[in-house]
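The next part holds the structures, each set out as structure tokens.
Presented sequentially are two complexes of chain A, the first with chain B as partner and the second with chain C.
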Partner chain A sequence: MSGGDIAAIFQGAIVTVTLSLIGILIGLPIGLGLALLRWANVPVLARIVALYVSVSRATPLVTLLLLLFFALPNIGVPVSPTSAAVLALVMNTSAFNCEVWRSALANFPKDQYEAAQSVGMRAGLRFRRIVLPQIVRVSLPGLVNEMSMLIKATPALAVVGVVDITRAAVRIGAQTYKPLPPFLVAIALYVPIVFVLVSLQRWIERRQLAAKVAA
Partner chain B sequence: MIHDFGIVWSERALLLSGFANTAILSALSAVVALLLGCILTPALMSKHQAVSGAARVFVDGMRCVPFLLLAYIVYYGLPSLGIRFDNWTSGLAALIIYNAAYMAEILRGAWVVQPREPIEAGVAFGFSEIKLFRRIILPPLLLSAGPVLGNQMIQIVKDSAFLTIIAIPELTHAASSIQSRHYVPFAAFITAVFLYWGLCLVIEAGVSSVGRVAEARR
Partner chain C sequence: MAQLVLDVAGISKRYGDVEVLRDVSFQVGKGETVCVLGPSGSGKSTLLRCINWLERPDAGQIYLNGAQVGITGGGLVMGDRDLSRIRTRIGMVFQHFALWPHLTVLQNLMEAPVQVQKRDKAEVRDEALALLAKVGLSEKRDSFPAKLSGGQKQRVGIARALAMRPDLLLFDEPTSALDPELVGEVLVVMRDLARDGMTMVIVTHEMGFAREAATRVLFLDHGRAVETGSPERFFSNPETERARQFLQRYAGDAAGGRR
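Take a look at the complex of A and B:
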């Protein structure tokens, strides 16, 4: 394995991280929006969101990606591998994020909401000042967990030709007939990325537990 | 569009065998991974630093690596060390090893919040360590961790779709081959999506009935 090969795997790491970040950044607010639709019990939409979340949570990323990549051009929407990949990641992660946000909203103390209403806060202000800061705190461990799940699902993007860490490693292994060294480089790249998120999640949980004990 | 689903219907034998393979792969690896997890959990909780440290490295390692990479290592990487499996064995082994770590971590999480009293009562009654774990600690663990274990089983079903890449004829693989044979991408993959959904609904129903048993025993 030459230096160029290692550089190629690092190139893959940039793709993995960039696509994951895009998926996370778009998926977070969409998940929150979907959760709000269910929380507010908007007549038809809430049912549709519930169905969407249930189906998406059960769908493997590979299958979803193949569906988008092959079926969208069929109905006249041209997609590149990268845009299909981003769309699949967003659909997948927003469904999981919706569940995390929703359980935080469901456990939100009603009396605070009513107190905010009684001092005359409007709905937007109520949400921004009272609800959002608190549900963010409650949802954070679950959301970080979902981020690490998302990164671990990104090798699926290779089925439509996106060259991420795993794909780059497989390709080099096939060229050099020595598959193990590039795989080890791939592990050395994934482990720190995911471990940072797993540690972050543990740290947040421990801090929140300590805060609860102190209170 | 209706015509496309007609084509998928005419290939139902292929799709159903893929579905059966997905179900078998998932069920088999869920059961074995759970059993291995039950062995791994006491190791994680062990008082011996060496044992708990080794178990921790394994579990955290698996939690930081994507499943597909592990499957590739077992299928393409191990042969260069002289260990060669066919794609079925590799896929199954990868699913089991990977998920055993998650099962162990889930059970450990449930163990930490278990009440201490029954365990101490068991110790006072002179249960041996193995018997204590099997009779006193494990049953409530499995019941209280039920929903999270169910989520992990759904995760196993979804992980099994990765194995299409090492050419195991599971559900996604079947849908892919129907799509490439007849060019009916939407009908083929949406059918696969709904079959996955059905499988997950069955798992969720199973978990909630376990939950009812747990509730009744309390």
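Take a look at the complex of A and C:
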């Protein structure tokens, strides 16, 4: 395996990280928004969200991606492999995130919410100051778990030609007839990426714990 | 009656087939302590929650200082903004305290005055500290609610409601979730408030407290306001058979004056 090969796998790593990060950053708030629509039981919309979430969760990422990539141009929406990949990741992860947020919202103590109402906090303030800080804490492990699942699902993006870590490794293995080195490099790259996420979660949890102990 | 603070006029509420409140009316004057008594399921808590529109009454009107709660001048149901503005005038103390666990005791007190009333933070802080001193919890100001006993939590709950400088304070069975030995410390605070002239409506099962601290009692049975009057009259010589039966069941408590 040449230096160029290793550089190619690193190139793939940049693609993996970038697409995952975009998927997470867009999918996280969308998931929260969807969960809020269901929580507030907004007529019609809540039903649509429920259907969307069920279908998105049941659809394999590869299938969803192929559908988007080949079907959207058919109805006059041209998509590049990258934009189809981002769209598929966002649809997939927002559906899973929605369920994590929703369970935190569903378990949120009603009387705390009523206490916020009783002191005259309006809906936005109630959510921002009372509900959100607490559901973030509860949801964090589930969300980080979902993020690491998302990262590990990115090799599926290769079906439309996105060259991520795994795709780069496959190519090099096929060219050199020595698949072992590139795949070892690939795994060596996935581990620290996910590790960064888990460390971030630990750091946030430790900070919250420290705040409690200090008091 | 002194200046009228709360006027509840013909409130009714039903859940499906169950009529929880039937045409309940009563008034509360400034500085009064009205204790709402009655058997479980008589609609006491629902009545209280209708006053600040946490529950929406099906019929009837509620007026706070002459202004209608829940219905706009145009006769429409109030939106979040109008309702929230009125609720700042009505404090509420919850059975299970309902403190915000991610905030310290002091932050619990300061949250709404700063965020909702937009009052000066330093001034709110001074007032919150004074309130904590009043309920005997100065040393707990930086603790999180999880570190407090039930009695302490409820005293914080009362201080949090007071921090808004409300015109009226509602108590929803404030001591029902407490261990018996912690009830007294909460009742002491409530008795002080009554003495200081805070206007209060208290749903409670503490007959000793009602007898001693209430200026008036309201007896509910099956969603109806069956009887109202001075605690002396109600406890020694109730008018209705239902009230008599109810008091008999509490005879031990009332005579013993549970503290």
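Please note the rule applied: the second predicted complex is superposed on the first by the 194 of 215 C-alpha atoms of A that agree within 3 Å, B and C clash if a C-alpha of one lies under 4 Å from a C-alpha of the other, contacts with A are read in each partner's own complex, and residues count from 1 in each chain.
Keep this in mind: a residue touches a chain if its C-beta (ideal position, glycine included) is under 8 Å from a C-beta of that chain, and two chains touch if they have at least 3 such contacts.
Note that the coordinates shown come from a computational prediction; the quantities given were computed from them, not determined experimentally.
J.: If chain A is used to align the two complexes, do chain B and chain C fit next to each other or clash?
T.: On the superposed model, which is not a single observed complex, chain B and chain C fit side by side.
J.: A:P109 in the overlay: touching chain B, chain C, both, or neither? Say first, second, both or neither.
T.: A:P109 contacts chain C only, not chain B.
J.: In the overlay, answer first, second, both or neither for which of chain B and chain C A:G173 touches.
T.: In the superposed model, A:G173 contacts chain B only, not chain C.
J.: With both complexes superposed on chain A, which partner does A:V55 reach: first (chain B), second (chain C), both or neither?
T.: A:V55 contacts chain B only, not chain C.
J.: Quick test of understanding: once the structures are aligned on A, what is the angle at the Cα centre of chain A formed with chain B and chain C, as a multiple of 10 degrees?
T.: 110
J.: Between chain C and chain B, which one touches more residues of chain A when both complexes sit on the common chain A?
T.: The partner that reaches more residues of chain A in the superposed model: B.
J.: Using the superposition on chain A described above, determine whether A:R129 touches chain B (first), chain C (second), both, or neither.
T.: second
J.: Let me test your reading of the model: by the given contact rule, A:V90 touches which partner, first (chain B), second (chain C), both or neither?
T.: Neither partner.
J.: Touch test for A:M121: chain B only (first), chain C only (second), both, or neither?
T.: second
J.: Closest Cα approach between chain B and chain C after superposing, in Å?
T.: Superposition on chain A places chain B and chain C at a least C-alpha distance of 23 Å.
J.: Touching residues of chain A toward chain C in the complex: what are they?
T.: 109, 111-112, 114-123, 125, 129-130, 133-134, 137, 212, 215
J.: For a test of understanding, state which residues of chain C touch chain A in their complex under the given definition.
T.: 52, 54, 80-81, 84-88, 90-92, 94-96, 98-102, 104, 111-112, 115-117, 142-144, 146-147, 160-161, 164
J.: In the complex of these two chains, what residues of chain B are touching chain A?
T.: 60-61, 63-69, 72-73, 76-77, 80-81, 154, 157-162, 164-165, 171-172, 175-176, 179, 185-186, 189-190, 192-194, 196-197, 199-201
J.: Can you tell me which positions in chain A touch chain B when the two form their complex?
T.: It comes out as residues 54-55, 57-64, 66-67, 70-71, 74-75, 148, 151-156, 158-159, 165-166, 169-170, 173, 178-180, 183, 186-187, 190-191, 194-195, 198.
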